[in-house]
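You will see two complexes here that share chain A, one where it goes with chain B and one where it goes with chain C.
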Partner chain A sequence: MLTRILSGDMPRSRALSLVLLVIFLCLAFAPFLFPGTRSLETAARISVFIALAASYDLMLGYAGIVSFAHTMFFGMGAYGVALACENMERGFLPVVVGTLAGALLAAAVALVIGLFSLRVRAIFFAMITLAVASAVAVLVSQLSAITGGEDGLSFSIPRELTPAFRFAEGKLLGASLNGKLLNYYLVFGGSLVIFLGLLRVVNSPFGRVLQAIRENDFRAEAIGYRVVAFRTLATCLSAACAALAGSLFAIWLRYVGPGTAMGFEIMIDVLLMVVIGGMGTLYGAAIGATLLVLAQTYLQEVMAGAAETTAGLPLLPDLLNPDRWLLWLGLLFIASIYFFPSGVVGRLRQARRPAGRT
Partner chain B sequence: MTELAPEHRPTFSRASLADRLSPHAPVLLLLALAALGWLAIDQQSSWLTLTVSGLAMGMMIFTMAAGMTLVFGLMDVINFGHGAFVSVGAFVGVTALMLMPGMTAEASIWLNGFAVLLAVACAMLATGVMGYAFERVIVRPVYGAHLKQILVTMGGLIVVEQLIYVLWGPVEIFIERPAAFQGAITFAGAALEKYRLVAVALGLVVFLALRLTLKRTRIGLIVRAGVENGEMVQALGYRIERVFIGVFVAGSALAGLGGVMWGLYEQVITAHMGQETMILVFIVIIIGGLGSVEGCFIAALMVGLLQNYVAFLAPKAALISNIGLMAAILMWRPQGMTPVVKAK
Partner chain C sequence: MTDPVLETKGLTIRFGGHVAVDHVSCAFGAGELTAIVGPNGAGKTTYFNLISGQLPATEGQVLLEGRDVTRASASTRTHLGLGRAFQLTNLFPSLTVRENVRLVAQSKARKGFDMFSMASRHPELIEAADHALERVRLTRLADQTVSALSHGDQRKLEVALLIALQPRVYMFDEPTAGMSMDEAPVVLDLIAELKAEGGHAILLVEHKMDVIRTLADRIIVLHNGALAADGEPAEVMASAVVQEAYLGKEIADV
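And then the complex of A and B:
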C-alpha cells in the first residue's frame, strides 16, 4: 500500500524515513499541534514550497536542466487564480478556472521557451529563462491596470474558505473549526497530491529516461530516445506543477503581488531548497523546503540576537544583520554543491551504508 | 584505340548575391535596424539622439559581455556570476570618484578625464583581482560540469551582492557625473549628451583594442586557437589554463569598466545592478553567438538601438522587444549570428 502511494520510491534510510514522517505528521496536524496564526502560516508556506521545490527538482535534479523562470510559472498560477476571482462571480468556479488557466499558460510558455532553446543547447535554457522571467516580472509590475502593479491584488475567495465561515461550534484541540482550517487542508492536500504525482512521474519509465539524459544525453539519443522531446515535456510538466502550487499559495494568502509570487528572491529560495535538500530526489526537495522556510521564519530572529550581542565589534554586526541572511545561505549553497552535492538526503542515505556493508 | 576523356570543361559559377552577403548579414542587419528606425521616427533630430544613446548603451553592454563570451568560448565555462563584477566595479569606481571631489567639481576636461580614468583603473584593478579569486575558488573545482557551474556561480553572485550590502550599506548611491561630462551639445538640431559620446568612444576603444589583441598578437592567436580547439593548443605545448586565467581576469576587469560606465550613465548604483544588466548581457551573448567577440559587439549595438527606438515609439513594448529580437534571431540562426564554438 505505502509502496504504491510512494510509487516504489522508498526513503531507503531509517533516519530519512523518520525525518519525512515527522514533516508529514507535523504538516498534517499543524492546526492542532501548533495553534496560532503564525505557525499555521508557516505550515501552509512549507506545504506550498514542498510542491514548488519538488516540481523544480523534476527539471533540475532529474532532467538536469537549469531554469530561472520557475517563479514565473509559480506566479502564472497565482495570478491566474487572482484574476479569475477578481473578474468572475465569487464561488469555486473562478478558483478552478483560474487554476487551470494558469497551469495551461505555464505549460504553453514552457513549451515555447523549450522549443527555442533546448533544441540548440541546454545551456541556452538557463540564460533565456532568466531573460524571459525578468521581462515578465517587469511587465507584471508595469501593467498595473490588470495586475495591480507593485501593490498586487487582494481578492475574495469562496466564503467556505475564510475564517468567517464556521462549520461547527466550539474548538477541537485548540483550533477553531472555521473556513481557515478547510483552506489549510485544501493547501496541504493539494500540495500532497502534487508531490505524490511528481513522485509517480519520476519513478515511471519517463523519469528513468530523464535520468539517463541527465547522465549522458548523447548516449540517450543514440539509444533512440528523442532528447529534446523528453526535456521539453519535463519542462512543461514541471511548469504546470509550479503553476498549481502558485494557485494554492494565492488561495491561501488571498493576495498576489510581485514580491510574493514573481520575485527573483523566491527563485533563489527554491534553488537553495533543492540543492540543500538534495538534487535528484524529491524527498530532498521536501526536506530542503521545510528547512529553508523554518530558517527564513525563525533564523532571522537568532541572527538579530547575535547582531545585538556583537554590536561593539567592527563589521561583525553588519554581517550578522538579519537582512544579510542570504549571505550565509549563499555560502551554505556553494559549500553544499562542492562538498555534498547529494544534499541532506544523500548524507542521510550514506550514513547507513558503511555500517551495513563493510 | 584510346579512350578519350569525356568532354569536360570546369566552370566557376559566380557565387550568388545571397552567398556573398551571408557572412556580412549581421552588419547589414544592424544597418537595416538603424535605417528602419530612421523611417519609423519622423523627426531626424530625435532619431539622431536616440541612435547615439542606443550606441552608447550598446557599447556599455558590449564591454560587460565581451569577457563572458570569451570565457565561454575558451573554456566552456558559463559564468552566471559575471554580474557581480559589474556591481563591484561600479561601487569601487564610484567610491574612488567620490574621494576626488576637487577634481570632478570643475568643468575641466583634463582634470575630470583624469579623475574618471583613475576611478576606472581602481575599478578594473579591483574586479581583476576579484576575478582571479573567483576563478580559483569558485569556478576551478567545477570545470566540465555545466549544471554545477551555473549553480555555483549563481551562488557566488548572491554572496558578492550581499557583501556589497555589508560594505556599502543597503541604500543606493546617487552620483553626479564630473562637471565636464554633464549637459549636452547640439549637433544638426539634435541634443547629444556629452557623456553618451564619451561612452561610445570608450566602447569603440575597447572593441578595437580587443580585436587588435585577438587578431594581431601572439597571445590573441593562442586564445583564438583555444576557442577553436583547446586540446590541440595544449598538445602544441601551451598551458591553456594560464591563458584562461588571463582571459578570465581581463574579462572581469572589462566587466568592472562596464560597471563604472553604466553607473555614471544611470547616475545611481545599487548592488542589484549587476544582476539587472546581466539580463541584457545574456541576450547579447546568445544573439551574437557564444564565444564570438564580433558577434557580441554587433548584437550589443542592435539591442541598444532597438531598445531606444522602441522605447520612443511604444514605451510599453520596450520590455519585450529584446526578447522578441532574440527569438527572431534564434529562429533564423539557432546558434546565434556568428557562432564560433561548435555545439558541444
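And then the complex of A and C:
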C-alpha cells in the first residue's frame, strides 16, 4: 500500500524515513500542533514550496534541464487564480477556472520554449528561459491595470475558505474550526497530491527515460527514445505542476504580487532547495524546501536569542545580530553544499548501497 | 540474394573538404554476416554513423527493408530495426547494469511515454533485460552500477543492449576491442549464435583476421572512405588491394 502511494520509491534509509515522516506529520497536523497564525503561514508556505521544488527537480534533477523560468510558471498559476477571482463572481468556479487556465498557459508556454530551444544545446534553453522570465516579470509589473503592477492584487476567495466562515463552534486542540483551517488543508492536500503525482512520474517508465537522457542523451536517442520529445514533455509537466503550486499559494495568501509569485528571488530559493536537499530525488526537494523556509522564517529569531545569551562576550553578539541573518543564511548554504555535495538526502543515504536503481 | 535488409546507395559524408565516407553502395542480406575491414581512419565508424543516423549524409541514401530512412532520426531507425553497438563504450554510467538493458527493452516495447504506472511493475521488461544479461554472462553483475564494471564487462553490456533490442540489423563496431583473451569468446560466440539464428543482417567491424575467417560470409574493405573490395572472405583476403592497404601494414595497429 505505502509502496504504491510512494510509487515504489522508498526512502531507503532509516534516518531519511524519519525526517520525512516528521515533516509529513508536522504539516498534516500543523493547525493543531502549532496554533498561531505565523506558524500556520509557515506550514502552508512549506507545503507549497515542497510541491514547487519537486516540480523543479523533475526538470533539473531528473531530466537534467536547467531552467530559470520556474517562478514564471508558478506566477502563471497564482495570477490565473487572482485574475479569475478578480473578474468573475465570487465562488469556487473562478478558483477552478483560474487554476486550470494557469496550468494550461504554463504548459503551453513551456511547450513553445521547449520546441524552440531544446533541440539545440542545453545552455541555450537556460538562456531563453531567463530572457522570457525577465520579459514576463517586466510585463506583469508594467500592466498594472490588469495585474496590479508592483502592488499586486488582493482578491476575495470563496467565503468557505476564509476565517469568517465557521463550520463548527468552539475549538479543537486550540485550532478554530473555520474556513482558514479548510484553506490550509486545501493547500496541504493539493501540495501532497502534486508531490505524490510527481513521485509517480519520476518512477514511471517515462521517469526512467528522463534519467537515461540525463545520463547520456546520445545513447538514449540511439536506443530509440526521441530525446527532444521527452525533454519537452518533462518541461511542460514541470511547468504545469509549478503553476498548480502557484494557484494554491495565491488561494492561501488571497493576494498575488511580483514579490510572492514572480520575483527572481523565488527562483534562487527553489534552486537552493533542490540543490541543498539533493538533486534527482524528490525527497530532497521536500527536505530542501522545509529547511529553507524554516531558515528564512526563524533564523532571525534564533540569532536574536543567541546574541542575547552571548551578550557578555566580545564580537559574538555583533556577529549574531539579527540584521546579519542573510550573511548566516549564505554561510549555511555554502557549508551545506560543501559538506553534502549530493544533498541532504545523498548524505543520509550514503551509508547504504550506491545510487542507481533497478 | 533475396531483397536486402539494408542497403546504402552512394552514401557520402564530407567534413569540410575531407570525404570520410565516399559514395559507398552496398547491400546486406538477411542471414548474412559481413565483416567490414580497413585501416584506422578508413571511415568504418563513420559509415556506421551514417547508417544508424548519428550523422547526416551529405549525399546518397540509406534504405532499410526498402524504405528510405536517410532523413530519419536515430531513434526512428532504431524502431525500424537498426541495432547499433558502439566502438567506444557508450552506456548510462550511474544506472545499474540491469536498468541499462531494461531501458532498451522498454524502448522496444514503446512504453517510454507511460508516466502513470510504476516502472518496477513491468516484469516482462525486467525479464527481457535479465535474459539479455544471461546471454552475455553478466547476470551476477546485474545490480552493479555500470561505472563500477571492468572495461570488458562494459563491452559485454554494450552487446547486451543490442540483444535486448532484437533488431533486424546488428551493427557491431569492434566489439572485442580491449577485451581479454578469455572475455572475447563470450561475445564472439554470441555473434555466431545470432548468425545461426538467421533472419538478421549482421555487420561486424573487426580487425582480427582469424575472427573474420571463422565468422564472415563476406568481407568489404573500406579505404579512405571508399569501397575498395567486396566479396567472399578467401577471395578478398587474397586480393592485392587488401594485402597492400590493410593486411600488409595495419593489422598490428589496433
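What we mean here is this: the second predicted complex is superposed on the first by the 309 of 358 C-alpha atoms of A that agree within 3 Å, B and C clash if a C-alpha of one lies under 4 Å from a C-alpha of the other, contacts with A are read in each partner's own complex, and residues count from 1 in each chain.
Going forward, contacts are C-beta pairs under 8 Å (C-beta built on N, C-alpha and C of every residue); 3 or more make two chains touch, one makes a residue touch a chain.
The shown structure was predicted, so the numbers you read here are calculated from the model rather than taken from an experiment.
Enquirer: Determine, for the superposed model, which of the two partners chain B and chain C contacts more residues of chain A.
Expert: The partner with more contacted residues on chain A is B.
Enquirer: With both complexes overlaid on chain A, does A:E221 touch chain B (first), chain C (second), both or neither?
Expert: second
Enquirer: Could you say whether A:L327 touches chain B, chain C, both of them, or neither, answering first, second, both or neither?
Expert: first
Enquirer: For A:V201, using the defined touch cut-off, is the partner it touches chain B, chain C, both, or neither? Pick first, second, both or neither.
Expert: A:V201: touches chain C, not chain B.
Enquirer: With the two complexes superposed on chain A, say which partner A:R12 touches: chain B (first), chain C (second), both, or neither.
Expert: neither
Enquirer: Which part of chain C faces chain A closely enough to touch in the complex?
Expert: 52, 54, 73-76, 78-79, 84, 86, 90-96, 98-99, 102-104, 106-108, 111-122, 126, 142-143, 145-146, 148, 161, 165
Enquirer: For chain A, which residues are in contact with chain B within the complex?
Expert: Its residues touching chain B are 60, 64, 66, 116-117, 119-124, 126-128, 130-132, 134-135, 138-139, 142-143, 264, 268, 271, 275, 315, 318-319, 321, 323-324, 326-327, 329-331, 333-334, 337-338, 341.
Enquirer: What residues of chain A sit close enough to touch chain C in their complex?
Expert: 4, 7-8, 200-201, 203-209, 211-212, 215-216, 218-227, 230, 233, 237, 354-358
Enquirer: Which residues of chain B touch chain A once you look at their complex with the stated criterion?
Expert: For chain B paired with chain A, touching residues are 78, 80, 138, 141-142, 146-148, 150-152, 154-156, 158-159, 162-163, 165-166, 170, 275-276, 278-279, 282-283, 285-286, 316, 319-320, 322-323, 326-327, 330-331, 334-335, 343-344.
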